[in-house]
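Okay, handing you the structure first.
Every chain is named by a letter (A, B, C, D and E) in the order it is written, and numbering of its residues begins at 1.
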Amino acid sequence: MIWQLDLILLLLVLITGIAALSVRDLLSSAIILGAYSFLMCLLWTEMGAVDVAFTEATVGAGVSTVFFVAAIYHTTRRTKD
Amino acid sequence: MIRRNDDLIIETLARLLIPFIQAFALYVLFLGHYSPGGGFQGGVLVAASLILLIIAFDLEKTTKRFSEKFNVICNGGGVFIYAGIGLLCILLGGNLLDYSVLSKILPVGPEEARALGILGVEIGVEITVAACLVSIFIDLAANGEN
Amino acid sequence: MDFIIAKYNYWIYIILMMIGLYGMIAKNNLAKKVVGMTLFQTSIILFFISTSVKSGGATVPIVMGDPHLHGHVIPGTVHAIQYLNPLPHVLMLTAIVVMVATFGIAVALLMRIYKRYGTLEGDEIVEIRKQETAS
Amino acid sequence: MSSNYPAFIIMVPFVSALLIFVIGWWNKKLSCGLVIAVLAAVFLLSIGIMKDVIANGTIRYWLGGWEPPWGIEYAVDYLNAFMLVIISFVSLVVTIYSKKSIEKEIPDKIVPFYSLYLLLITGLMGIVITGDLFNVFVFLEIAAISCYALIAVGRKGASYSSFKYIVMGTVGASFYLLGVGYIYLVTGSLNMLDVAELLPPLYDSKVVLTAGVFMLVGIGLKMAVYPLHAWAPGAYSDAPSAVSALIAPLMTKVAAYLMIRIFFTVFKPYFFVDVIPLASILTWIAAVSVIAGSIYAIAQSDLKKMLSYSVVAQIGYIALGIGLANKAGLTGAVLHILNEAFTKGCVFMVAGAIIYKTGSCNIVGFKDLYRKMPFTMSAFLIGAFSMVGIPPTCGFFSKLYLIIGSIDAKQWIFVAVLLTSSILNVIYFFRVIKIAAFEDVIPDYSRTTPYITYRLDEVPLSMLIPILVMAAGILVCGIFSPEIINTVIQHIIPASF
Amino acid sequence: MRQFLGFLVTMVTAALLIYSTPEMPGWGDPNSPASTHVSPRYIEKADEETHTPNIVTAVLADYRGYDTMGETMVVFVAGIGCIMLLRRRQHK
C-alpha cells in the first residue's frame, strides 16, 4: 500500500465522478463514467481486492459503457444539465 | 444500430482478437481456483468477445448464427446447472449446495469434491452471464427491431 | 488533522456517495440519474473494500501454495494476519453483479421512455404526462 | 425429505421459472397452468413448514452444510412461516386470476411475463426465509429488479413510473446495504442471530446508531412510508392489473416484515426504544403517513391510484404498530399484515376486473356497476368494510389491537389518528360505492326504447372466483382472528414485552 | 426546488456519516472485529476444506454459495427483463 498513489487515485476518482455528472453531453458522460470505473478498479487493485477489480474492469469499464453508448445511440445525446 | 460497414481493418482485427479473448475467458474460468477470476469474470469476457463480433460485423448475421432460442436456452441452462448441482446434493443426502456429498458419485475425497463442485457451479455462472449480457446488448442495440 | 489522514478513505467515500446521491435526486435528465446511481453504488463498494484492508504486510487473499503440493499448502500454516479479509470482496462481487443488472434494466427503460415521450428530461416528461391526463 | 422443505420452497419456483420457457415454446397457454401448479406445491410446502415450526420450534437449515456464522442459514420461526403462508397463498390466488387478465393486457409476452412473475415470488420468499443480512439484500434486489420489469409493461406511461421506482428502490437497497456494512464493520458477522448476540455491548457506539438509521431508512423506502412514498402510487397504479394485485399486497408487507426482523431480532427492542428514540420517531412518521395517504386518496379520481395511496396509508398502520413496540401494538401490526394481504389483493383484483370489463377505472364511469357486476362489487364492499374496520372483517380486529396498543403506550393522539383515518376511509370508499350503486345512467328519451335493460355482465369465472376467495378470506381471518393470534402471533412477540 | 431537496437530503446523510466516522475502527486495523470474528476461519481453513487456494472463489462459491446462486438469478432476471421490455416480436 503506497499512500501517495492511493491519494492521487482517490482524487482522480473524485474528479472523474464530478465530471461524469456535470458534463453537458451524455456520450461524454458515458465515456467519463468508463474512465471512472477504470480508476476505481485501479484503486481496488491497489487495495488488494484483485477479484473485485477484475470484475469492475470487465463490467464497469467494459460492458456497462457499451450498454450506455448503445442506449444513447437510440435516444439522444442532448441534456440540459 | 449495427449495420454492415465492410471495414477491412476492423474485421481483421476482430477475427484476430476474438479467439484470444475467448481463450483467455476459459483460462480465467478454469484457473479461478488458483488466481483471480472465476465464472463471472470469464462470462463477461465471453460476452465482450461476442459484442465485439456484433460490432465488427453486423447484427443480423450474428443473430442468425446465434438464435434467440439458443440464447434463452444458454441463459436458463447456466442457472439450471447451478440449481441442478445444488439439488443433486440434496438427492445425495446433503443440504442444498453441500458439494462434499458429491464424493459419493465422484472418485475423490470430500475436499476435492468441493473443489469440483465449485468448478461446476462456476461453469454454470459463466454460461448464464455470457448469454445474458449478450442478450441485453442485442436488445439494446436492435431497439426492438430484430 | 491526524484523524482526517488516518481515515481519508472513508472521507473520500462519503464525498463520492454524496455526489452520487445529489446526482440522483437533483439532476433533471434521466440518464444523468442513472449515472448518479452508478456513482452511488460504486461508493458503497469502495466503503466495503476499505473495510477489508489490513495494514502490516497482508497480501491479496490467494494462498501462496507450495509447488510440490500442486499449489496447496500444509494445513495449519496459514495465518489470518497474512492475508486480506476476503469476505467484503465476496460480498462486493455480488453487489457489482446486482449493480450491472440494475443498470441494464434502467438503460432499457430509458429507451422505452424515449420511444414514448421523445425526451429524457424529467420536467418535460412530467409536462407531457399532465397534458395526457387532462385530455 | 421433510427436513429439506425450506430449501425446496425456494428451489421449486426458481427452477420452474426456467422450465416455463421450455413449456412456453411448446404451448404458450400452458405456462400459466404450470405457474399455478408450482404455486400450489409451494403453498403445501409452506403449510408443511408452518406445521413443523408449530411442532418443533425454530427450524435451522444450514446451506452448504456450513455452520453459521460462516455459512448462510435459514432460521425459520413463527414469523417467517406465517409470512411464507401469506405470500404463497396470495400469489396462488392472484395467479389464477391473472390468466385471463394477462391474456388480454399483454398477449405477446406471456412466457417471459410468467417467468419474471415466478422469480418475483421467489425473491419475496427468499427475503422472508433467510437468516443472513446480506442474503436479504440479494433477494431484495431479485424481487425489485423483476418488479421493475413487470411494472414497465403496464398501461400507458408505466415506464416512467417504473423508472422512478428504480431510482428510489436502488437508494433504498443501497442504504440497507450500507447499514449492513456498518454492522459488519463493528461485529464482523452477517448472521442475524449471531449479530443479535454480538451487538448489545456496542449499543453506545455511533456506528451502530448509524447502521440502524440507514437500515431503517432503506427499508422505509421499500415500504413506502409517507415522506418516502413517491414511487408507490405510480408504480402500483400503472402496473398490469395482475401485477398490481400481486405487489400491492405483498411487496410493502415483506418490507414491513423486514422492519420487524431488524427491530426485534437483529437489534434488541430496547435499542430503538430506550437507547435511541427511533421507535417514537417511527410512530410519528406512521401517523403522518396514515393521515396524508388517506387525504391523497380522497383527491384521486382513478380507482387504482386511490387504492395505491391507500396502500401508503395502510402501511402507516403497520409502521405504527411496530413503532409502538408493545405487545398489543405488535400483534396489531402482524395481524394487519395478514389483513392487508387479503384486503389489498381483493380490491386491486376488483379494480383489474373493472378495467377488464370497461377498459378504464375512472370512478366517474362506475355508474350501474352494481347491477352489471354484483359479485365483484360485493367483494369490493367487503374489502371496503375491512379497510374501514367494520366488525366481522379482519380489519376491525387489527385496528382494535392497534388502538389498544396506543392506549397501552399512553399515546392518545394515535388513537385519534386511527379513528380519523377510519372516517377518511369511509369518505373515499363510500364515494366509489355511492356512484356504483345508487347513481343511474340517465335514460335517453330520444331513443325508441329509452330505458336501459340491465344485463348481468360479470367477469369470467377464473377471475371471479379468486376475488370471492379473497373476500371470503377477509371474513374468515376476521372470525378466526383469536385462533390465529393464539396459535401463531403470540409466539412472534419478543419475550421482553 | 429539486436542487434544494437534493442538497438537503445529501447534507443530512453526510452529517450522519461524518458523525459516525470517528468511532469506526481505524483504516487497515488488523484487530478490528471485521478481521477477527468470521473471516480468519476462511483464510486459515479454505484451502484445507475446499482445496481452493483462491479464498475469494472458495467463499464465493462454497461457503456463501447461496448468495452466488442469488447473483446468477439476478443476472437471469435482468436478461429476461430486457427481453420483455424491448423485444417487440414474440420469440416463436
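Here is the rule we go by: a residue touches a chain if its C-beta (ideal position, glycine included) is under 8 Å from a C-beta of that chain, and two chains touch if they have at least 3 such contacts.
Small disclaimer: the values here were computed from a predicted structure and weren't measured.
Counting steps between touching chains, the shortest path from chain B to chain D takes 1. Simply put, of B-E and B-C, more C-beta pairs touch at B-E. One inter-chain figure worth recording: chain A and chain E are separated by 19 Å, centre to centre, where each centre is the mean of the chain's CA atoms. Chain C has its Cα centroid 11 Å from the Cα centroid of chain A. Centroids of chain C and chain D (each the mean of its C-alpha atoms) stand 29 Å apart.
Centroids built from CA atoms put chain D at 38 Å from chain A.
Within chain C, contacts with two or more other chains are made by residues 8-9, 21, 24, 28, 50-53, 55, 58, 60-62, 65, 71, 87-89, 91, 93-94, 97-98, 100-102, 104-105, 107-112.
Multi-chain contact residues, meaning those touching two or more other chains, occur in chain E at positions 17, 22, 24, 28, 32, 34-36, 38-39, 42, 48, 51, 53-54, 56-57, 60, 62, 64-68, 70-71, 73-78, 80-83, 85-86.
Annotation for chain B: residues touching 2 or more other chains are 34-36, 38, 40, 69, 72, 76, 79, 83, 86, 96-97, 99, 133, 136, 139-140, 143. Of all residues in chain B, only 69, 72-73, 76, 79-80, 83, 86-87, 90, 94-100 touch chain D in the complex they form. Of all residues in chain B, only 1, 36-38, 40-41, 44-45, 47-48, 51, 133, 136-137, 140-141, 143 touch chain A in the complex they form.
Residue ranges on chain C touching chain B, taken from their complex, read 60, 62, 65, 71, 93, 97, 104, 107-108, 111. The part of chain C that touches chain D in the complex is made up of residues 21, 24, 30, 33, 37, 40-41, 44, 47-48, 51, 87-88, 91, 94-95, 98, 101-102, 105-106, 109-110, 112-113, 116-117, 125, 129, 132.
Residues of chain E touching chain B in their complex: 48-54, 56-58, 60-62, 65-66, 68-69, 71-73, 75-76, 78-80, 82-83, 85-89, 91.
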